[in-house]
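Alright, structures below, take your time with them.
Two complexes follow with chain A in common, the first pairing it with chain B and the second with chain C.
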Partner chain A sequence: MSSQKHGAAFINRQSFIELDARERATALFDPGTSRELVGPFDRVESPWLPMQGVTPQEDDGCVVMKGKIGGQAAVVIALEGAFQGGSMGEVSGEKMTAALDLARADSERGIPTSAVILLETGGVRLQEANLGLAAIAELMASILAMRKHAPVICLTAGTVGCFGGMSLAAGLASYVVLTREARLGMNGPEVIEQENGIEEFDSRDHALVWAINGGEQRFAMGLADALVDDDTPQIAEAIRRFVTKGLPPVHRSSQVALYRRRIEALDTSRQWDPKELRTLWAGKGSEGDK
Partner chain B sequence: MGEYTGVRGTVWFRAFTGSASPMPGDPNSVLTADAPLGKDRARFLCVVPDPHARFPCARHGEVGLEEAYTLAARVREVVDSDKGDVKRPIIAIVDVKSQAYGRREETAAIFLAAAAAADAYGSARLAGHPVITLVVGQALSGAFLTHGYQANRILAFDDEGVMIHAMHKAAAARITRRSVKELETLAKDILPMSYDIRDYAKLGMLYKLLHVDNPEKPSPQETQNVQSELAAAIEDARRSPVDLLNRLQSKGALEMRKASLLVRSKLEEQWREG
Partner chain C sequence: METIEFEYPAKRKLSKRAHAGVVGSGDLEVLFEPADGATARVFIRTSVDGFGDTWKAVLDRFFAKYDGVVRIQINDAGATPGGVMLRLEQAVEASEQ
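For the complex of A and B:
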């Protein structure tokens, strides 16, 4: 299903990136089947931000919706990149973890329920430091428990990308879906430059950043399962496909021997052209589309 | 607290296992051994600095690509070999200053390596292995997510050199545009921001704080005491569910994580409607 980037297709595109978290989540469900849980009217806000003079948000930048995707029960959890950079605080973190635990409980009861997590985040919210880090650890635990029963699909569309501790959550996913506007990595370029100098990483070299963290590269290295255009119907279709597909035979983060061998085989005496790794790692996304 | 040295991990690994060497084929930065603990034989794992590590940005005790995949492999080995048998306890001794911040690491997807280690620890816990973490020094950020934070029970020394945090002080100060002093003052008022291990303990995620006179030089008696505490944590983990909800149901969490508890109860209630 490779759509060419010619004029008409581009003009007719319905951008997903331009949508906010709530619109993004809604767009992934079968029309008319979704409802939001613990939404803005419940006003469960961060108790820690006002103590530091930061205005909290009624949904803490995290939208949880339940409904159907491809006719099957699903929960979508979307982080709002426009609020505090999509960072994980106590409330947003617990929303994600509790929603996954409820989906797992339903799966165990015989209602297979998939989860889709929309990650636009820089990781831990510094104002909630240790509760943010703990929330990520607990989220990861819940992803591991949930993915025994039904797939956990992570989608990063851009423009924030997925960084910090939350990149580990993406690493645990059953399937990863990225656009070319998405970036996925653990340490942002600024952090690397700050810690180890500009010779290690020049954070102003945007071409380098995209060559390493960009969606196209991650997909070509086999670290994502689909590369999609910034087009809402196309993204919804990719998500539907993975929900319908069910669990992968083996999760990427469990393929330890394979990746350990790959790391061992790398020449660490020099920096690499990111393209080399596409060839070395034989860039097979489990889907192989595009 | 002085400069990070990373000696504590080796000291405690040796105290528990009688040796401090990697397993054949492993990098020198990951110590793994099986040793008696209470009435069990436990697997001990620890990440230590290796000045000659292959990856230049992982030579000072950082958790990098090789460290993460080695941890993952050594934890999975235990899970695979104990299938249908007594589930060996897994003990993560933690003194890690950070994940490795390097271009090579990003290019070769350190996020997946870190996830693979967390996957191994978390899957071991779900399979019924008591996974116990002992924080003897630093437990920072992505390094702790990779090595230690998936444990059933976390214990830490009540000591100034022990720190569990999302970001080290210098970086946090820089990003929030404060001096380290200002950051420390603010962190005193906002509990989750505090760098003090006693404040961390109040959040309810810690199973126990242990006192040791000098964590860099434990006496045989102290080593024995810590071993008994680990054995007690193993027994407690064996009697309890394999999830991490204990962290949210603790006395500390009832006080400090009220918002989390509110989110969970509202979500449960609304999940079932309609």
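For the complex of A and C:
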């Protein structure tokens, strides 16, 4: 591709990252088929935040929409990364779990319904502590029940990324879709630095952070199934492809022996380089976009 | 967090509800809902205490031009007066589309 052509493609991109959760969710459906469930006007907000002097959001930072993707029934659950870091509270957790359980019930009744979860989240909402932890446990149980019938697709576009307990939820997904801007990991860089010191992990070294947690690395290590540009039509197309494809032959999280072998084979007495890991784990998600 | 309420005279019926914004740092969420009677009511929850006069100044200016019979809910996370005005105008536009 010539540099001029490449420049035009870049300029004509419709950024997905710049959209809020509601716009992101809407953009993934076949046009005109989506409707929101338990939206902001229903005022199901967190009862716990005002008690602690924190302004709540009417939808608790969780947008649930039902509609069709590629002509098939689907539910999209989008976390709003700008509200409390996309954290999981009692209400947002219950909305996610209830949406997945309803989708599973539809699948069991003969209407296969896929789920797409948009994760921009640091994990549990600290202000709601144990309720948030319980919500993530329930969410993971719902994903496991749901993925027997139809795919659960997790998408992290950025810029928050997906960390904490929610990264475990992403690990259970049938397919994981990331952008180069996205980050996916259990402990966030700031948390590691705070707990183990800057010698262990410098969270301000963006090149280092993205070399380890970044979407490109995760995809190259086979921990994601597609790497997409920050372009709304391209992301919607990737989601549509996975919805249409149906369940994978084996879920990544079911390949316990494979990952155990890979981890056991690592010599932890020396420092590994992110690039070496790519070769060693021989990348290859279930599908290569790049 | 501080809760503030205002009332303004209004006369024009609103045909549709509207939502704009996110309760993110330096931003706010605005909900417009059609109401009855001849007043517009504004309910504000803001994370920044002690700016009641500024809120009044912003809303006085907004309602100098706007006469919809509306219930407005504002959930604010420290937006500037300019940001508040933009979100209000965005909600007006969405409610009149």
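Simple rule for what comes next: the second predicted complex is superposed on the first by the 285 of 290 C-alpha atoms of A that agree within 3 Å, B and C clash if a C-alpha of one lies under 4 Å from a C-alpha of the other, contacts with A are read in each partner's own complex, and residues count from 1 in each chain.
Simple rule for what comes next: a residue touches a chain if its C-beta (ideal position, glycine included) is under 8 Å from a C-beta of that chain, and two chains touch if they have at least 3 such contacts.
Keep in mind the model is a prediction, meaning the values are calculated, not measured.
Novice: After lining both complexes up on chain A, report clash or fit for chain B versus chain C.
Specialist: fit
Novice: Look at A:275 in the shared chain and tell me whether it touches chain B only, chain C only, both, or neither; answer first, second, both or neither.
Specialist: A:275: touches no partner chain.
Novice: How wide is the angle at chain A between chain B and chain C, using CA centres, rounded to the nearest 10°?
Specialist: 110
Novice: Mind working out whether A:56 is in touch with chain B, chain C, both or neither, as first, second, both or neither?
Specialist: Touch partner of A:56: chain C, not chain B.
Novice: After superposition on the shared chain, which partner residues are touched by A:35: those of chain B (first), chain C (second), both, or neither?
Specialist: So A:35 only meets chain B here.
Novice: Quick one: is A:94 in contact with chain B, with chain C, with both, or with neither? Answer first, second, both or neither.
Specialist: first
Novice: Output check: A:206 vs chain B and chain C. Expected answer is one of first, second, both, neither. What do you get?
Specialist: After superposing on A, A:206 lies clear of both chain B and chain C.
Novice: One more residue to check, A:20. First (chain B), second (chain C), both or neither?
Specialist: After superposing on A, A:20 lies in contact with chain C but is clear of chain B.
Novice: In this superposition, which partner touches a larger number of chain A residues, chain B or chain C?
Specialist: The larger set of chain A residues in touch belongs to B.
Novice: Working from the superposed arrangement, determine the closest approach of chain B to chain C, counting only CA atoms, in whole Å.
Specialist: It comes out at 15 Å between the closest C-alpha atoms.
Novice: Take the contacts of chain A with chain B and those with chain C, and give the residues found in both.
Specialist: Overlap of chain B and chain C footprints on chain A: empty.
Novice: If you look only at chain B, which of its residues touch chain A in the complex?
Specialist: Answer in residue numbers: 54-57, 65-66, 69-70, 72-73, 76, 98-99, 101-116, 118-120, 122-123, 125-126, 141-142, 144-146, 149-150, 164-167, 171-172, 174-176, 186, 189-190, 192-194, 200, 203, 205, 243-244, 247-248, 257-260, 262-264, 266-268, 270-271, 274.
Novice: Residue numbers of chain C touching chain A in their complex, please.
Specialist: 1, 17, 19, 22-25, 27, 29, 31, 33, 45-47, 73, 75-77
Novice: Residue numbers of chain A touching chain C in their complex, please.
Specialist: 20-21, 39-41, 50, 53-58, 61, 80, 82-83
Novice: State the interface residues of chain A toward chain B in the complex, per the touch definition above.
Specialist: 35, 37-38, 42, 44-48, 51-52, 64, 66, 90-91, 93-95, 98-99, 102, 124, 126-134, 136-138, 140-141, 144-145, 148, 164-165, 167-172, 184-187, 191-192, 194-196, 200-201, 212-213, 218, 221, 223, 251-257, 259-260, 262-264, 266, 268, 271-272, 274, 277
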